[in-house]
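In what follows, chain A forms one complex with chain B and a second complex with chain C.
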Partner chain A sequence: MLSFFGIELMQQVKPLKFRIDDALSNEQLHTNFRSAMSYLIKKRRNQFPDKEDLKNSRNTSSSIRSNSLAKLPELLIKLEENLEKNNIKVHWAETDEEANNIIYQILKEANAKTVVKGKSMVTEEIELNEFLDNKGIEILETDLGEFLVQLANEKPSHIVMPAIHKSRKEISRVFADHFPEFPYTENVDLITQQARKILRDRFRLADAGISGVNFAVAETGTLCLVENEGNGRMCTTAPPLHIAVTGIEKVVENLSDVPTLLNILTKSATGQEITTYFNMISSPRKNDEKDGPLSMHVVLLDNGRSKIHQNHDMQETLKCIRCGTCINHCPVYTQLGGHAYGTVYPGPIGITLEPQQKGITELGDLTSLCTLCGACGEVCPVQIPLPRLINKLRSETIEGDYMEQFIEGVRSKRKPIESFIWQIWKYIYSHSLLYSIFIKIATTFSFLSPKKIGKWSRYRVTPKPSRHSLKDLARQAGIKNE
Partner chain B sequence: MSRSKEIILERLKSKIHDANQVDDISINTLNGWSKEEMIQKLSEKLKLSKAETFILPTTKMIDWLNEELPKRGIKNILSGNDIAKEISQSLTNKTKLIKYDNSYESFSEKLFNEIDASITRTVGAIAASGSVVLHPTSDEPRLMSLVPDIHIALVYEDHIYETFDQIISTQNWSENLPTNALLISGPSKTADIEQVLAYGVHGPKELIVLILTS
Partner chain C sequence: MGNEVYFFGTCIVDLVYPKAGFAGIQILQREGIEVIYPSGQTCCGQPAFNSGYRTEALKVARSQIKCFPKNIPIIIPSGSCAGMIKYHWRDLFEGESDFESAMSVAERVYEFTEFLVDKLDIMLTDLGEPTQIAIHTSCSSRNEMRVDDKIELLVSKLSKVEVLEQERKSECCGFGGTFAIKQADISGSMVKDKTNAIKATNASCVISQECGCLMNIGGALEKQNSQIKTQHIAQFLWDRTNATS
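And now, the complex of A and B:
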């Protein structure tokens, strides 16, 4: 149990269908997400006034990421060599459990009891907080949004804006409940200043800091972190021990790759020209230096990534730089919010990545949280063909074949009745005589078709076969063989 | 080699299909801004992210400090030895000069609780994004630009670059990166509560950039 500040962690997981119902009937949630998404979409658009520039920038960024993936094994070896040369210890973790244990061992050996953490989705992915908490290590989120989410005993609902689902009033309440020593306020500046006061000594006295990584540069053995608040710099600079956790795909080959990616990342993520801080760490404190961590570790996490890398049709999933812009532009996410997905990564990238990591049996249904509108693919800064990947994955849930070697549960969502109906459909549509008879029946008896088709027609007009087939209508209009 | 490393690398290498075709990675072009344009762009962009900028001749810096620091209620200022040498003689007694002269462990309490402002040099600035670039040293450690409420950064006009690319290649960073390199573009900020911008979360509440001309 997370016990500091009186937080107790309880997660109740309802089936997807009910989570969707809950999300759709929550007006407050709707308002919060709709306004937040419009805001982010607009801010991003303002950063890309020139279509041609955006196109070039996306092309270059996409190439950089493809290059990383094409050379992934050699780049990881080079990264490890250069990090070790810089006195940063490297650990490889194949699974989330292994990563957690490695981190725990490092903390234990350093006798670290209190940890401050910078925002990191990969540590959410391995559920590091829960793991360390169970081992009696206090781990505190320090990004304001993450801190609020942790206080409220919830999970982030967006990968860049974790507390986006909460209104100012809700946040004020959470704050007042945990810190009665401060007066209740709904003033954002005041809440921010209270958080500053609360966390300052925590940074100063923490035994260790944990962070994620935005880009790991193989050429120089450098870890790059992007942030606005300064908590990331605090976590990676003040405590005597710094542990960075990163997915193996985050490596880039050269330092010269970084400016392009940084530029498109911040513009896509929050519509900023650049974030307040870009922090490039290449070494722990050297003998002649006065501050910085005394020792540094990097955990390279696989957790399913190497299998995605093997899967040629889905490999581009790994190009992702976690900017969240696909999420911001997704109509399904805007309706549901992040929590309904029940996964660490929501939205288009979430429904692409998560079923590949955790298997289709558990998460295959997520692929239906897509309207196939294509917006995610159009905005992705590294040109991941998300609509195509989602579609591919969706079909794998029913009728895949070779992907079995890479993804668990291929075909596990196949329903015999549904398949049977489609088989008949296919048979009729591929036999012209049968097709003519079928059309004749459908047009003649269209008045017999049901007025309601369950929930589907609750908000939609029920479709009804026309009295005349398209073929007839075309003939009447004088169109022949076109 | 650890077992996990072996497994991961084996899988990555055993890719069944060929690597993706990689296009040429194009290099961003420069606009060729003049010195004046650079100063103007840098200053505009910094102001957009709520940093204050002042353009003044290097010789007038001390006057600026003597006038502005007391006005802003800054009673003490943290500086490295190099800057201290330059200003300690001329700084009025309204502002006390403090040095980061100990390791963090023995200095942290003072650093977090007693310092009003810090003043650091930079290795340059980036006009296009409005960023000051720091390579902290033992004289000006990493936390100097993060912990105090106010950070004053000195940028010489000759060290302003157009883009991040340009400073990396001109200064040959890939051969000599410091332990920590930083791009700072404004005071610390957040928009985590209802997308309302609030400044001074965990880092400095104010960033003041002095662009020094010859």
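And now, the complex of A and C:
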């Protein structure tokens, strides 16, 4: 479908610093994200009027996810057994490349040329669209936001709301450019209807449907899919072949785990009590049934997850249910938007997960995109201690040791000058006599203190040492000193 | 004895905001508390810890343990420094031989306003002129120490102070320690949003439990030639309740 709409492949990304500059200089982007995030924060808050209820719900959800991780190998084997019992063929992929090849082989064997896809971040992670496009298979995003992003030849800027960076006007423009047969409109409902018309035919004619998975239930071999537009249901029922792709961490032990997670997922993600559609997929079409795919496959993707699972200090990264609320509440994300991160997953979960998957050499600098304000940790529905994980990972970029076995590039971000400054700091601040001398000099010669402290002074006046330190004031006042 | 506390001034207060720290000591003394200001104190280790330099942070944090030998409360006029010792020293000292002694310091830590409210149940008589202020509840006071309600409560005891609510009050001001230098432009954009929200309230002063935030917000307001003042809560309380100030 990429070629069908005349879309070129993605352009290469710029270095982080330039992406940040681009984002900060774009007023429209700032306005779009500011208003969208404020709206989502408010919607979520309205879903949790009772703090005690929320606390209990987060506790339970966190336990369910911890349990999944504690029993991960065993649950995955059980999941495979039960999926196969349900006539769903299971494939294991260790890398993105393997996953793409598996999917391609399945499509090739079914002689599938056109594919409709439901929203799936894992398929973004493995860059499935680009892969299949290169193989000459048309793949069309059917989630409205993803569809828009695909039309605009961009990447999602948010894991739940992929086109959130676009204003209504920009969306209207994209639509008008690609579908001149429809009258130009800035009415969102009309655009949605247009998209619906376009997509209907594609669902009907597609040779295969690809979807993600929100929860994979080991006990019953059920794949749960949360969505709002019905496109997920179309992708997984209309075409004769359905392929679901999911990270191995999405497994939960029991069917009874699902209501709790579903409830907190939708409330956290979009501030909805429940989504419009919730699909529980348990098998392909059975003999006595009239619809549904004739065959079904699941691709279980590792792509670095089992390494994270072995890494005790970072394992909780895998508890994530991809609600995106950490992103919505992140003040840095709100300033930058998703594209500046240059990764599939932006925001707090992105800077925690991505450097672990792709290595610190490539992505370690992302850990600097955090003030450690703690907002993400406060709202995470499964209580991932994100600020703690981010800070830990940040230290691994500088001075880690044992994590080398799990993450590439440990210590690779240590810079000689920065390190030297911290050595001096350590030396002064760990010797009280030296510290006293340093403070004495700094306060006595406060008029000589630097006028500028790097870029700090571009936005603020530079703090000046006081004429007398607190220690001086305390001594003069006769305060006991031990 | 029985009424003694340690005062941990913090490195920013010691060097840049000593009057705020001293006001805190004076308030405690007025309540009949005997304050000890250990002369060997320097820093809790937070700047390095949050910058990824844990070895250096540990060295500095370790040098502080011996400053607080008595089993009495340690009062800290900063949510983030209190949070560093109370919660992050656990990570920092994990597996170290002095883990236990570090924890014995950590468990005695109180943020300044927390101590005034929870331990002293302080009474305040407002002697100042009527004024309108904004409160910046710092992220560490809110999300780590969970004492953001304490500053609100203390201010509500001042009869002539009106608190004006700013938009997105609980959003980070963009300080984040070395974040403000490493990601200076993002930080600058964040503090711009914060100062705009504060300016929109018409408050004449912003108060906070955190001198790091005040250095950021106050420095930005001054750079923007705003007349809005910034003050640490200890200084604000002392100035309004002390007959001779």
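Just so we're on the same page, the second predicted complex is superposed on the first by the 474 of 482 C-alpha atoms of A that agree within 3 Å, B and C clash if a C-alpha of one lies under 4 Å from a C-alpha of the other, contacts with A are read in each partner's own complex, and residues count from 1 in each chain.
Criterion: a residue touches a chain if its C-beta (ideal position, glycine included) is under 8 Å from a C-beta of that chain, and two chains touch if they have at least 3 such contacts.
Since the structure is predicted, the reported quantities are computational estimates derived from the model, not experimental observations.
> Could you say whether A:A176 touches chain B, chain C, both of them, or neither, answering first, second, both or neither?
Neither partner.
> Touch check for A:S38: first (chain B), second (chain C), both, or neither?
In the superposed model, A:S38 contacts chain C only, not chain B.
> Let me test your reading of the model: by the given contact rule, A:I453 touches which partner, first (chain B), second (chain C), both or neither?
In the superposition, A:I453 contacts chain C only.
> Based on the superposed arrangement, let me know which partner A:P463 touches: chain B (first), chain C (second), both, or neither?
Second partner only.
> Could you let me know whether more residues of chain A are touched by chain B or by chain C?
Touching more of chain A: B.
> With both complexes overlaid on chain A, does A:M121 touch chain B (first), chain C (second), both or neither?
After superposing on A, A:M121 lies clear of both chain B and chain C.
> Quick check on the superposed pair: does A:R196 touch chain B, chain C, both, or neither? Answer first, second, both or neither.
A:R196: touches chain B, not chain C.
> A:S167 contacts which: chain B (first), chain C (second), both, neither?
first
> Which residues, counting only chain B, touch chain A once they are in their complex?
2, 4-5, 7-9, 11-17, 19-26, 28, 45, 48-49, 100, 102-105, 107-109, 112, 129-131, 137-138, 141-143, 146, 163-165, 168-169, 173-174, 177-196, 198-204
> Chain B touches which residues of chain A in the complex?
Going through chain A, the ones touching chain B are 32, 35-36, 39-40, 56, 59-60, 62-64, 66-67, 69-73, 76-77, 91-94, 98, 142-145, 148, 161-163, 166-168, 171, 188-189, 191-193, 195-196, 199-201, 203-204, 219-220, 222, 228-231, 233-234, 237-238, 240, 248, 254-260, 262-263, 270, 273-286, 288-292, 300, 302, 306-307, 309-310, 312, 315-316.
> Enumerate the contact residues on chain A facing chain C in the complex.
So the residues of chain A touching chain C come out as 20-21, 24, 30, 34, 38, 331-332, 335-336, 367-375, 377-378, 387-388, 391-392, 394-399, 413, 419, 422-423, 425-426, 428-432, 435-436, 439, 442-443, 453-456, 458-466, 468-475, 477, 479-482.
> Which positions of chain C touch chain A when the two form their complex?
It comes out as residues 7, 9, 11, 13-19, 21-22, 25, 34-43, 47-56, 59-60, 62-63, 67, 91, 139-140, 142-144, 168, 170-172, 174-177, 179-193, 215-216, 219-220, 222-223.
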